[in-house]
Amino acid sequence: MKPFDFVQPTTTDAALAALAEHSPNVRILCGGTDYVVELKHVAQSPGVVVDVSRLEDLKGIELTDAGLRIGAGVTHSQIMADKMIAEHAPAMIDAAHTVGAVQTRNLGTLGGNLVTCVPSMDSGPTLLALDAQVTILGPKGTRQIDLAEFFVGVRKTALEPDELLLEVIIPSENLGKPAGFIKFGLRKGQALALVNAASAFRIEDGTFKDVRIALGAVAPVVMRAVKAEAVLEGQAFSQELISEAATVAVSEAKPIDDFRASKEYRNSLIEVGTRRTLEAALQLANG
Amino acid sequence: MADDVKVKEKEVTLESLRKADDDLRLPAVPERTLFPKEIGVAAAREQTPAVGQRATRPDGRLHGLGQTKYIDDMFFPGMLHAKIKRAGISHARIKSIDVSEAEKMPGVMATVIGKEIPVNSFGPSYQDQPLLADDIVRHAGDGVAAVAAVTEQQALDALEKIKVEYEELTPVYDPLEAMKDDAVKIHNNESNVYSSKTIKKGDVEKGFEDSDHIFEATFTTQMVEHVPMEPHASIAEWDANGRVTIHTSLGRITLGRADISRTLELPINRIRIIATVVGGNFGGKNEITTEPILALLSKKTGRPVKSVYTREDEFISSTTRHPFVMEYKTGMSKEGKIMARKVRLVCDGGAYCSWSETTLGKACILSAGPYNIDNLHVDAYAVYTNKTMTGAMRGFGAPQVCFAYESHMDDMAKALGIEPVELRLRNTFHEGSASPTGQVLEAVVVRDSLEMATERFGWQEWQK
Amino acid sequence: MRHRGKGVGCMWYPIGFTVLANPSAATVKVNEDGTATLLTGTVETGQGSLTVLGQIAAEELGIATDDVHVVSADTDTTPMDTGAIASRTTYVTGNAIKLAAENAKQILFEVAAPMLDVRPDQLEAVDRKIQVQYFPQRCLPIADVALQAQFVMGRPPIGSASYNPPTVAMDSETGQGKPFSTYVYATQCAEVEVDDETGQVDVIYMSAAHDCGTAINPMLVEGQIEGGISMGIGYALQEEMLFDDDGKQINPNLTNYIMPTSLDMPEIDVDIVENFDPTGPFGAKGVGEPTAVPTAAAICNAIHDAVGVRITSLPATAEKVLKAIKEKNGGEQKALPAAE
Amino acid sequence: MTDVTITVNGEERTASVPPETTLLKMLREDLNLTGAKVGCDVGDCGACTVLVDGIAVNACLMLAGQAEGKKIETIEGLSTLEEYHPIQKAFEEVAALQCGFCGPGMIMSTKALIDQGEELTKQEIKDALSGNLCRCTGYTKIIEGVIDAYEEITGKKVPEVNPRAA
């Protein structure tokens, strides 16, 4: 690794101060499962690395008036072991479980996964399907935006260089909303996603309501398949409709062709993944 | 502007950091590992007769305690770290290599390029592989220069300063293309086909005539890596008597020593190789890699020099398994007896021969499968391409041909309406069968293995 | 839909180099307390060969595995060996060790013979004793004999020997000849489950029956077979070095080079086929390489059985399998709208 | 240079390292604890697995500075002068390790798993080891070793399941 300076603030204020002081030659480090790998390959030193893994404000999972709050520094393992998440957003546990292997999940954080913002991130689709919001802390205080707006491009988020991702909030109305998640990788253990899919909806009076279909690794950022959602929204549920929505989802995605898989294959997986997550959510909805 | 100043200051700090890193950091007191001084021995180790016992491994105990010293776990006083610069271009003529800037980098103690190696070639069959490419680069993972520095990072930083000028040459990657007469020649040979083997037994054309059915199929396989968990690693130390001691992860030390002797023009009795424990081989550690380079770096610096491959080095510059193109034609009687078989094997031999000769030979012999075939004709070719060299790997060509002949067998079984295991049983070798090379086989238990594996599987009663 | 299928792969494999000399030499030193030290130039690369070679020396000397200490892999101290390659260690190095131990034992017999009032050729070494054949009560502890040999007779019981498998060069036109001294045989069966919508193949179960002649150490033989199967599974389904148009490897790392993890491994039942090769040490042949040979064939045949598609190019990735399924189904498969 | 103080296998240790030093490098080169191995150096292979405050992490992905003040357990700290650790013992007895390079990481992952005190199934064991790559064993005897150690330590049984049952 190229030499850099390392600061380890213990308060968010100190962290923000460090970011402000060293900007733009500064990078944030939390779990390190992605960033330390990057550090080993970069040709230029980042200058200063600010380790935010000790910030108490980034920790904890709790129910608030707004909904379920998950600190950005919460690890995937902590998500998997959390009873509140198991009760209110179990699909998040399925998603967390597919992140790397135990060691990666023990170090890697939810916030880190979102901030890294690679298309194949495993946390994104479920959170999008549950209309998650994120709280960003900066020199001017906090701001809250939809997760969908947070994702800007490949490895690009709405975070300014002097800002910090504080927490993720799943709105209270979506707690317990039936949701399904599926990941397709090249092997069973430790796989990068070829396609990720998450679906969520409610059944009211026998019709689909608040349908969300989110896809990962099929576009520059994790995306919602809004046309596919529209196919179902307000309709009486049927298997044919689910299949149709899955087909429409394929038309919305823009997967790439690469050495891991062809575009055609990813399209097949989008169709299957969308359908299967819708079916999984349906099963939950039907209790 | 203010930012610029800050960055400048930063660089000074970083530079001083690096300087501090120049001092060799070696642990003063070895850490201790605790374990009971009297661990019992498993009964199987104490019993006679010894053969047939499920005896535990004394080395296994040390592995579990974390006490096994692999090469990378050895630190000698004053030891330097070496790194190799890879060409990153698959076919080119080297016009010049300039290491002068690299040599000025902090911590750098020595460099070596191919021209400094007394005999810059090695290989188990043909000595067609340079330790560091000095004239022609033949695959992207070819090394072109080596650096020894106080720390690994310093060596890596210095690699960036080595300037190599290349004249690009046309590459060829596909073995079938490379076989053609007009293909660019990767070595200074008439053809890229550097080895061919033939087996002829009986009269294959007559056999086809006597067959009720003829089946044809083509199979291909991919290039794979051994992926030993321990990457290649060596430490060389040149001593005052002109002897070099090399700790290395090499699976065949006697022949490796001969290779090192040849490349360094050093009498064999001045070379000592200690392989201690190798962290996985699978055929991938059967050739020397950096040993002579490290020896030279040690000679130049008077210090022990260590090199440990990164995982990337392991992939791009160590040997791999040969991709094969396999054409099969088999004549069958309607009762399911193999009457004749013709096989053509083309093996992608990569940039250097390595163990391809042997691999080709074994694949050729084994390609008929464990079956009695009176009329057989196999032709096999190994071809140079501008890819990572292919060499010895668990099975030497056998996994490739087995995939082909057994897939082919099942397809024929289906076409003939004969149960796949039954079709095999009708053709397998038995005691005294003649192999494709006419060798009378003894201790043949292929039928037993078929019966045993299928019985354990529950083949007969198995249902979808 | 998920479909189960079964497949078989059968193979043969030779031990040692093709025709070429690939000798091993060994030295066995019996210490004055009846324990022994074995010097071999082969290298332990993980298989457990040193344990197996120690067992061979112990067997010949009639002592236990733990009584033999093995020194290896140092060109200054250990004798010539062709090395850990070509599944040859148990067979070739093992034969050399057996012969070396036999030579050391011969000295023990010559020393023990007058002590037991018999001829040396009437003795045998069993259970840490030198005893008269058919008269087990007429015996001496091997320690006593070794001590006598060393300090009274002045004949340290040290034996050295070498072995090279006998071969006959192959005819250049027809390839006829005897390239190898011996061969092993094996069969593996695979049960797979194929998802016909994603092409994903799960290997659920494998049975493997391998011939290795006498299994010197069945536990280590099993380990070789299980390990070979895992390598075979990677070869069959996932692993591939990929290159870009400039001949540079795209996936030179373990993130993108997909080798099996613990989650990708099936249940495995291993059987060792009973066999005895009179040319091998105590009937042993070898087992290292063959274990990885028939796996891919068995798996691909199982895929064929499950969904009726023949994969002719390895690896049988999910993508390749799905493509083959779609081609087979032709128009039956629902057409997906073309993405932009 | 940064001074990093960690508790390793129960003993407080300090080393002065450049900030870009990983915990793995510090353990291996400054504290001479070479049990944790460098297999890939990017968190894929798990050969460097150590426990940090009881959880398994890849030491190659943690900066030494991040470990400041934490409790680190490495393979060297498992057995004591009195006791051969049951995991190490079980691994030896079933010949779980072949070349052994993955062993220390494998054993540390196993320790973290068993220390959690949960009831384990074979699938959970496989899941817990999926970050530790092994090329020699096919994981079969390693899993056998984990099961033996778990049963020895906890007195519980890992339920038998037949994966072939549909």
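Letters A, B, C and D mark the chains as written, and numbering starts fresh at 1 in each.
Keep this in mind: contacts are C-beta pairs under 8 Å (C-beta built on N, C-alpha and C of every residue); 3 or more make two chains touch, one makes a residue touch a chain.
Bear in mind that the values here come from a model prediction, so they are computed numbers and not experimental data.
S.K.: Stepping chain to touching chain, what's the minimum from subunit B to subunit D?
M.R.: Each step joins two touching chains, and the minimum needed here is 1.
S.K.: Looking only at C-beta pairs in contact, point me to the busier pair out of A-C and C-D.
M.R.: If we tally the contacting C-beta pairs, C-D comes out ahead.
S.K.: Just to be sure I understand: the centre of a chain is the mean of its C-alpha atoms, right? Then which chain's centre is nearest the mean of all of them?
M.R.: The chain sitting closest to the overall C-alpha centre is B.
S.K.: Let me have the rounded angstrom distance from the C-alpha centre of subunit A over to the C-alpha centre of subunit C, please.
M.R.: Averaging C-alpha atoms per chain gives centres 47 Å apart.
S.K.: For subunit A versus subunit D, what separation do you get between their C-alpha means, in angstrom?
M.R.: 29
S.K.: Please report how many Å separate the Cα centroid of subunit A from that of subunit B, as a whole number.
M.R.: Comparing mean C-alpha positions, subunit B is 41 Å from subunit A.
S.K.: Where in subunit A do residues touch at least two different other chains?
M.R.: Where subunit A meets two or more other chains at a single residue, that happens at 1-5, 101, 188-190.
S.K.: By residue number and range, which residues of subunit B touch two or more other chains?
M.R.: Correct list: 17, 21, 54, 56-57, 59-60, 227, 277-282, 311.
S.K.: Please set out, as single numbers or ranges, the residues of subunit C touching at least two other chains.
M.R.: Counting only residues that touch two or more other chains, subunit C contributes 4, 45-46, 48, 191, 205, 219-220, 228, 231, 251, 253-255, 259-263.
S.K.: Using the touch rule from the top, collect the residues of subunit D that touch subunit C in their complex.
M.R.: These residues of subunit D touch subunit C: 40, 42, 44-45, 94-95, 98-100, 125-127, 129-143, 163-164, 166.
S.K.: Touching residues of subunit B toward subunit D in the complex: what are they?
M.R.: Within the complex, subunit B touches subunit D at residues 17, 20-21, 25, 27, 29-37, 39, 42, 54, 56-57, 59-70, 72-73, 75, 226-231, 277-282, 308, 310-311.
S.K.: In their shared complex, at which residues does subunit A touch subunit C?
M.R.: Touching subunit C: residues 101, 184, 186-192, 247, 250-251, 253-255, 259-265, 267-269, 271-272 of subunit A.
S.K.: Would you mind writing out the residues of subunit C in touch with subunit D in their complex?
M.R.: 4, 45-48, 191, 204-205, 219-220, 222-223, 226-231, 253-255, 259-263, 265-268
S.K.: If we count contacts the way the header does, which residues on subunit B are in touch with subunit C in the complex?
M.R.: Residue positions touching the partner: 41, 44-60, 88-91, 139-141, 171, 173, 197-201, 217-225, 227, 250-257, 271-283, 285-286, 311-312, 314-316, 320-321, 358, 361-362, 364-366, 369-370, 378, 386-388, 392, 394-396, 398-399, 402-403, 405-407, 410-411, 420-421, 424, 428-429, 435-439, 441-446, 448-450, 452-454, 456-457, 459, 462, 464.
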